[in-house]
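Structures given as structure tokens follow.
Look for subunit A in each of the two complexes below; its partner is subunit B in the first and subunit C in the second.
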Partner chain A sequence: MKIRAERDDLADVLARAARAVTTRSPLPILQGVLCVVEGGTLTVTGTDLEVTIRTTLEVEVLEEGRTVIPARLASEAVRKLPAGAVSIHAREGEVEITGNGPRFRLRELNIDDFPQISEPDTVGGSSVDGPAFLKALSQVGIAASTDEARPILTGVLFEAESDHLRLVATDSYRLADRILPGVITDASGLVPYRALKELSRAIGDPKLTVRFGDRDAVFSSDRGTLQVRLIEGTFPNVSQLFPDSYPYQLKASRAELLEAVGRASLVAEDHIPVRFGLHTGGVELSVTRQEVGDETEHINADYNGDEMTIAFNTKYLSDGLNAIDEDDVVLETADPLKPGLLRGAESEDFRYLLMPVRL
Partner chain B sequence: MRLVVADCTVEYAGRLSAHLPLATRLVMVKADGCVAIHADGGAYKPLNWMNAPNHLTEHEGSWVVTNAKGETLTIVFETIHFETAHDLGEDPGLQKDGVEAELQKLLAERTEEIEDGLELIRREYPTPIGPVDLLCRDREGTTVAIEIKRRGEIDGVEQLTRYLEFLNRDARLAPVRGLFVAQEIKPQAKVLASDREIGWVEVDYELLKGIESPALRLF
Partner chain C sequence: MFSEPILHVDMDAFYVEVERLDDASLSGVPVIVGGLGNRGVVAAASYEARQYGVFSAMPMAQARKLCRHARYVPPRMSRYSEVSESVFEIFRSVTPAVEGLSVDEAFLDVSSLRLLYQDSVEVAVEVRRRIREELDLPASVGVAPTKLVAKLASEDAKPDGLLHVPSSHLLEYLQALPVRRLWGVGEATHAMLEGFGVETIGDIAAMTPATLASRLGKAAATHLHELASGRDPRSVVSNDGAKSISVEATYESDLHDLAKIDREILAHCERLAQRLRKAGYAAKTVTLKVRLGDFTTVTRSHSLPSPIDVTRDLWSIARELYSRIDLQSQGIRLLGIGAASLVAKGTPRQMALDGSRHQALAAATDRVRDRYGSDAVGPAALADAPEPERPIS
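Right after this comes the complex of A and B.
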């Protein structure tokens, strides 16, 4: 296998495919990326067996073939070569990477050990607006759990409905729910968020295609594909968690609230909640940590409801506020022990359900 | 329990011979007859010892301990600095760490927290090498041996492996599969368990105990 391409393009396809490569894999071969040169195109594949990223690049082909090269080392080597044309030549167990003088000779990994990644069994496929889709994923992803002990909660649930796609994630303390109106797809399944986090950098593009099979989801663009194994199991029935109506409503400036929670969190750290004293005219924020001190402040806002004190985890609250894309936010509450609902004042496409902390 | 702190020499004669030169040591004679000679270091292992049953003969300035195999331990006292005897009474035995014992109790009552459909056969099911924490039957009728630890480490997997080996020799129980349960299981222990086809489950002790956390959950 021998190719030539521009350094930056080559470094880019290698680095993006390498995003699926994990240093924690017990299989040494998974530290490598598979490079296949056929018909004028280089295809680079990286995988950890759950997430597989394929990237492609039109290259000058001097000799077709295939090789497996160490992912991180090869992509860093290419990136650090002088600007200009770079060539990769694999032969007799070695891969030579050269460009404008410097030459790396790296040992090839055994291509026979590289796993056969089957093309997923997919149906349909829908085109979505890339940036809007990735934004929606990042909005719900904040609520996905990172605790592998409960794999179901580490995923984002895709639910295809008649005139929209719904995305949901929850770690059981909070829940993020996003509707993508007009996105008609038959995509339904539970996708690990750790894979979705890679989408933007790996294959992000103005147009993305989403396809779901029985066992895999495949996201593709002109920049490559990301294939991920779906999480098996039943996602909690979350629709029942949203109360039918909320009696009390606070409408406030998102920026003011976010800044105030940020100040409170200096004192609170993670485990101490910020208290919201809700009253006509606004909200009194306060936080007290016995061994440190306290912080209080008042935010002018519209509040309709009985006076009430409710407390939230500062991180979860600021995650939700950060995810909302509007100037004003609405916090709906019913009871200091029932979930509060945070959303933008104008749109209900994104809803963030947040459990309070017992005082 | 009789304790003697003394300058002494010790001779052992039996399968081999061993000599402890003159030095200050602690000689312990336990109620069951075991004799142990300790230096002032090391957690548990004596310099020399003789298990019960044996026979201790006290001479002027020396003791001779003999067992049925004809082995002898001769202690010659130069100076006795301290001597005492105290009846310790019956020992209640080694108690498991409180959390571990509590975990076993809670999980025995709620085996579904370990795996759906598990039914308890018995707690502390005896095997020739010690009792396995829980013996259960799964939904398919297969016997399941469960070892419970507070922290799941490699030695816990090894222990369960040994139990499984014995349990699988019992035709009434075999095949017996293993489940390793802990609050937190080390990655190496997970790998070893999986490699031996032993399942593992991490459980939330506080949740099992129903301890109310101030952080409320949606479900």
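Right after this comes the complex of A and C.
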């Protein structure tokens, strides 16, 4: 295999495919990326067996063929060469990477060991607006769990509904729910958020295609493909977690709340919550940590409801506030032991359900 | 005089005596508490049974050979912890400086009581009297200037006795004892010391630390020499706050059946959750311990952002931990589940979205059990299961 391409383009396809490669893999071959040259195209594949990223680049082909090269080392090597044309030449167990003088000779990995990534069992597919889709994913992704002991909660649930796509994630303490109006798909399944987090860098583009099968989800664009194994298991029945009604409503400036919670979190730590004293005229924020001190402040806001005190984890609260892209937010509550609902004042496309801290 | 401020209180044949409280027919006859299966070991033997050479940790099969006519009783750990709580309540009403060593023994530092009592022996008499009158149980107490000697003295006071070792007689008492009774002297060290011609604790004190160090290593030698010379500066450290709570069971025959293992994990979690709530704690760390047929022991633990105290939550973590263990196609001999990083009731607690139903369920089952006993209610999955093997330790 022998090709030539611009350094930056080559570094880019290698680095993006390498995003699927984990440094901790027990299988040495998974430290490598598979490079296949056919027609006029180089296809680079990186995988950890659950997430597979394929990137492609039109290159000058001097000799077709295939090789497996160490992912990080090769992409860094290409990136650090002088600007201009770079060539990769694989032969007799070695891969030579050269460009304007410097020459790397890297040991090739055994191509027979590289796993066969089965073609996804998907059908159809629908086209979505890339930036809007990625933004929606990052909005719900904040609520996904990173706790591998509860694999189901590390996923984002895709639910195709009649005239929209619904995305849901929860770590059991908070839940983020986003609908993408007008996105009509047959996408249904539970996708690991750690894979979705890579989408933007790996294949982000103005147009994305989403395809779901029984076992895999595939996201693709002109820049490549990300294929991910779906999480098996039953996602919690989310709709029953939303209270039937919220008698009380606080409407406040998102920026003011966010800043106040940021100050409170300086004093709060770990399990120490910020208390919201809700009353007509606004909200009294306070946080007390016995061995450190306290912080209090008042925010003017509209509040309709009985006076009450409800307490939240500061990180969960600021995650929710950060995910909303409106100037004013609404916090709906029922009582100090029931979940509060946070959303933008204008739209209900994004809803963030947050369980309080019991004092 | 309060120059001997340390009490070591040790309940006599505790499990046996609790069984006798609940079943008068066990009085005056040899009683052995332990797992009744093939692999059971003796958890406690009454003094009558000990006369036949039966002692704790002996395999049950051997005990049966030695004392065929004894009454054999399976352990009821939850009952023992219940009674233990009452015993410790008495300790704590005497002094806040209580260091529990297990369900049935504790150190008490009574030096703060010098204005209330003439001497620490009077306190010891009072503690024994209250345990006898309020709980109808025998306890032995050692009174001494140091922890080591107080513990040795309580052993010598048994059964149902009190031994006071005054400061003036400390060395005389201590150094006449066989070396094996010194804390930290196990089988190996004992054999080595015997090779030296060391028989009593006094013999150790008589050696130079350097000679001792040449055989035992410096750290161990210094430690033993200090203890043997009557120097034991360790103070009584009260451990009111539990650090961890766990349940475990050893099985009569290795568990292979997946459904059975699953059920045992659930049964453990149910018991653990109940004990956590009773003690007023929730756990941020869950540990699973599995001992395989070949005695390989594997533990896995997991920490959570928010503490848990209901069966369902413990269970989901325990099962996930279990799935990470490679059984190497062996069966399970011992299964244990522990809760650590305990957070006390009253600490602000992040609630879970779907948690309230499970909390309510737990509260309801706790109330039923308080009223009708611990077997009154339980998970349906366990209903038709044979009685889970009782833990032996």
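By our rule, the second predicted complex is superposed on the first by the 359 of 359 C-alpha atoms of A that agree within 3 Å, B and C clash if a C-alpha of one lies under 4 Å from a C-alpha of the other, contacts with A are read in each partner's own complex, and residues count from 1 in each chain.
To be clear about the criterion, a residue touches a chain if its C-beta (ideal position, glycine included) is under 8 Å from a C-beta of that chain, and two chains touch if they have at least 3 such contacts.
Since we're looking at a predicted model, the values are computed, not measured.
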Partners on subunit A (subunit B, subunit C) - clash or fit: clash
Which superposed partner A:S220 touches (first subunit B, second subunit C, both, neither): neither
First (subunit B), second (subunit C), both or neither touched by A:S318: neither
Residue contacts with subunit A in the superposition, subunit B compared against subunit C: C
Subunit B versus subunit C as contact partner of A:T52, first or second or both or neither: neither
First, second, both or neither for A:R174, with subunit B first and subunit C second: both
Contacts of A:Q139 with subunit B and subunit C, given as first, second, both or neither: neither
From 58-66, 112-120 or 292-300, the subunit C stretch with C-alpha clashes against subunit B: 292-300
Subunit B/subunit C common contact set on subunit A: 149, 170, 172-175, 236, 241, 273, 313, 337, 339, 353, 355-359
Contacting residues of subunit C [partner subunit A, same complex]: 302, 304-306, 316-317, 320-321, 343, 347-356
Subunit C contact footprint on subunit A (complex, rising order): 147, 149-151, 170-175, 236, 241, 271-273, 311, 313, 316, 337, 339, 353, 355-359
Residue ranges of subunit A touching subunit B (in the complex, touch as defined): 26, 149, 170, 172-175, 236, 238, 241, 273, 313, 337, 339, 353, 355-359
Complex contact set, residues of subunit B against subunit A: 191, 202, 212, 214-219
